[in-house]
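Working notes, beginning with the structure itself.
Every chain is named by a letter (A, B, C and D) in the order it is written, and numbering of its residues begins at 1.
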Amino acid sequence: MADPVPGAADPAARAATAADSGIVLVDCPDEVGLIHRITGVLFARRLNIENNQEFVDTAARHFFFRAEVAAGVAGPAAAAGLVEDLNAVLPAGARVRVTRGGVRPIVIMGSLEPHCLGELLLLAASGDLPCTIRAVVGNHDRLRGLTERFGVPFHHVAAPAAGADDAARLAHEAILERAIMPHAPDYLVLARYMRVLSAGFVDRWAGRIVNIHHSFLPAFAGAAPYRQAFVRGVKLIGATAHFVTRDLDEGPIIAQDVIPVDHGFTPERMARAGRDVEKLVLARAVRLLLEERVFVHGRRTIVFA
Amino acid sequence: MADPVPGAADPAARAATAADSGIVLVDCPDEVGLIHRITGVLFARRLNIENNQEFVDTAARHFFFRAEVAAGVAGPAAAAGLVEDLNAVLPAGARVRVTRGGVRPIVIMGSLEPHCLGELLLLAASGDLPCTIRAVVGNHDRLRGLTERFGVPFHHVAAPAAGADDAARLAHEAILERAIMPHAPDYLVLARYMRVLSAGFVDRWAGRIVNIHHSFLPAFAGAAPYRQAFVRGVKLIGATAHFVTRDLDEGPIIAQDVIPVDHGFTPERMARAGRDVEKLVLARAVRLLLEERVFVHGRRTIVFA
Amino acid sequence: MADPVPGAADPAARAATAADSGIVLVDCPDEVGLIHRITGVLFARRLNIENNQEFVDTAARHFFFRAEVAAGVAGPAAAAGLVEDLNAVLPAGARVRVTRGGVRPIVIMGSLEPHCLGELLLLAASGDLPCTIRAVVGNHDRLRGLTERFGVPFHHVAAPAAGADDAARLAHEAILERAIMPHAPDYLVLARYMRVLSAGFVDRWAGRIVNIHHSFLPAFAGAAPYRQAFVRGVKLIGATAHFVTRDLDEGPIIAQDVIPVDHGFTPERMARAGRDVEKLVLARAVRLLLEERVFVHGRRTIVFA
Amino acid sequence: MADPVPGAADPAARAATAADSGIVLVDCPDEVGLIHRITGVLFARRLNIENNQEFVDTAARHFFFRAEVAAGVAGPAAAAGLVEDLNAVLPAGARVRVTRGGVRPIVIMGSLEPHCLGELLLLAASGDLPCTIRAVVGNHDRLRGLTERFGVPFHHVAAPAAGADDAARLAHEAILERAIMPHAPDYLVLARYMRVLSAGFVDRWAGRIVNIHHSFLPAFAGAAPYRQAFVRGVKLIGATAHFVTRDLDEGPIIAQDVIPVDHGFTPERMARAGRDVEKLVLARAVRLLLEERVFVHGRRTIVFA
């Protein structure tokens, strides 16, 4: 890999600083006294809570909790002990995770448009997003130059033609995954990747693929959302970052934003103006995932921003 | 009618001030030289253009023009002469309108929710919206007190039960229109009016009914949009002011806006937060209509804001 | 007092519903284990936390906590016992407050402009803001009609001329306070009130007066902010709701917002467009205060929205 | 220069496409009939107006006009003839400019922060901003790597120490200008450049230097605006792109935007969140300048967006 951008904060150095800190994530059926029990476990281990947030979905009677603790969960053993202690005081069915802060590996998938990829490359290179972009995989070769400028490997995996049968599509995805796997990414980020992934692929990466769709979903799902927006004559256009599930453009939403447009916006001008909101919304969602701020609960997300 | 709110600017006085001024509206197939021809006609009549805007829909090859002129179109005769002169220099199929500035009569239709009605009553009473609210018509009696506080007549026209047949619905609308007609409104404003109007009613008021829908259309058309928004887990909720056409929630959009929400918003809390954006978007659309800033072209609007 | 607006939720009924619930507010020097201790006290009393938020100002090493508890703090005795128990586990210097949810009495002070007053009257009348507007006090008589339409008493206390001496100003304020005191308001809301209050007045109501200033402070403090904004050629105008302190326009900020403007906005047009943002920002701040979501810490506020 | 980013639209190709089109800019004292006269000149030359905007500053009685014309102003001779014809029908004191659309040369000046520079490099490389970044000049060497990745020359011109005398500062600027001049830029873009430029430098580039300041001016001019914002406890932070004049942070404003913050934002977190708004506001202003959409009139700008 090439030199990092001179003058940028060193992501590895940041990770080192935060290496002793950790994030504690709990979700479970709601009960009286949960916070008291959880903070009791943390207090017994002298873990100082720097920041914590909780939320009770009163309709679903479900409890969500996230805390950043300052020190002492550094080693895997310590983390495992903490999980065990927390499970001991929590109701059955609780999900507990303890992770260390720091830099995560991701792989980006792209097609033709450079703006979302460029945003992520710049943020990662300047230490402004806690991840290492291990590789970019494209079904076109067009984003190779931009990617390699940042010293990131680029894999071109040509996709089969639009009318290809399922076997051809699955074969294509098998090659994709062979390109991805050695990089062991925590997340796959679809940065205006223009192919639909198979149910099998999506299931293997469940909860770990984020996509940016260039509309305020659920409006204008599917193809050519700016053209749809133009035809309908809306006065706002937007972008939606969401988890990828089997149902196209139906996954849980992580972040959304919009910008105003007027009658003077052709679909092309919408597309140009929309790039800014697309790249910012995707980067926001990726940051939330990397910082472990997102719970999925059914079709909805709990986001501790 | 009761006294206007003391201390508010007097809408009639404002109208008087602007009475000699006028608005010139043109739309026609596009050609080279249209602005030169139109401004030539205005110049020949010594009409000073205070403000003008034009737009060419290049795909549809259609031209839209709006000008505010300072003086000299005061009488109906002068206006008619101006229309004639403009038509003489414009291509076949041109639509030309000349209107005087000033206060317009409107009727508001409401059901149960007071916030949109209250906003319009306050704005009109303080001279901040160039209209006279001649009456409020409700299919419930609930908004009578609020309406009458502002000295505005309230007509309660009880609607037939939900499962009523077409004859009952049309009979209901006939009573509605009998209540409305004596007030001779330029526009009907549906301020969270909860009934669907018949095709016949809509056709008779074509281009003159504005509705507020409590979602960013086309997302969440139809019933209970906040509940739909909650179920889908969106991160923005919005409101849309649109012309009412035969197709429910499909009319040309005049104004839209959104506000952020998060996982902590139940449908009820969305409804409360959404009231502010609903009332502002509706008031914005009504102002645009009253100031003759909106052209309809197919399913889209040209808004010279 | 006149009838409430028919069809509106009844504020008293809402208060009754919430009467058994309460809000627990704590701020104190930060220490390890505070949340555990506080939740322990609540748990021991079987108080179910429906919602809680905490914040540590790490620079100032100060801790802030707010919880809504479902039941059991209804009576003053219960509340007093809870405060005592909490103080027993908290560090020296802790401030603990336990309040019951419900409707609070406020008094509004106004001058000439009706939009902020109208917004608050509508919200309170429709049960959409948990307060009773006990009275409106004006240094002009202009807002009497609007106020009395909502069945709220209006007191006109004519102010001395601009060049009046201190004795005249203090005499004026004494009359003001005599008009206010019988209404026993929790908060005084300055809804575009155009007089500067004396240090003595401000001190007597410390932390209980909220003002709306029509700029994004600290830009354009003082007189004629829209004219200042026009002269400077800014592209955004805004409004700021803040506590009133001895230093004009320098009190801790509770809420702010802005809207875009362009070169076409004269100071007059800014003023008209700004009314919407002024009224919404003031109403937002008043709601935050009524719901006990605001801590003041030096010149800054902690707002648990 | 290195290859452009593969897959990006070719800026030179775009320029070629637009080479025959042009932009006509007029500002002059206001009179009746100006639009008619200007459009008459354009019509006589068979120049089709694709888009035009005008504005009258009624207080200053000054007229501003911008039109995009489709073809026929390609050569310098044609442009000169058009200017002459327009001047012949316009009042004394009119300023008329005719420019060809297309790609403009710019030079960027930077110091330490990469986000604004990175945004402009990405946009220019993908053909998304109609300019060629001819060079980047830095008073530190830190942004060299980022710049050279995009095949753009980087010049490091070390600045004298903070306490240096005027002679040293002027000598430094002389070296700066020697680095800049061979690139013949239309505009100098200060992308978080941290030095104050001398009056002489500013005068030589009058109307051609744009700066991004990291606050919503006029609030928090000068040093450390995020720290100032933190201390004052504002609920919005922003960025302002403005022309550089002799008075620091006082030049005419081109674009501004803000984002919400709360009590949880330290100055450091404000700085991180603010980067997005800084880079977008600067890029928006640079685009407006490149597309000839900005008139300066005293301390204010007219922006035909």
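Just so it is clear, a residue touches a chain if its C-beta (ideal position, glycine included) is under 8 Å from a C-beta of that chain, and two chains touch if they have at least 3 such contacts.
Because the structure is a prediction, the values reported are computed rather than measured.
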| item | value |
| --- | --- |
| Most distant chain from chain C by Cα centroid | D |
| Classification of the chain B:chain D interface as same or different, half of numbers criterion | same |
| Mean-CA-position distance for chain B and chain A (Å) | 42 |
| Separation of chain B from chain D, taking each centre as the mean of its C-alpha atoms, in whole Å | 39 |
| Whole-Å separation of chain centres (CA-atom averages), chain B against chain C | 35 |
| Shared interface positions of chain C, touching two or more other chains | 58 |
| Chain B residues within the chain A interface of the complex | 55, 57-59, 216-220, 231-236, 238, 252-258, 262-264, 266, 299-303, 305 |
| Of chain C, residues touching chain B in the complex | 3-8, 112, 114-115, 118-119, 122, 125-126, 128, 140-146, 149-150, 272, 275-276, 280 |
| Touching residues on chain A, where the partner in the complex is chain C | 32-33, 35-36, 39-40, 42-43, 46, 48-54, 56, 58 |
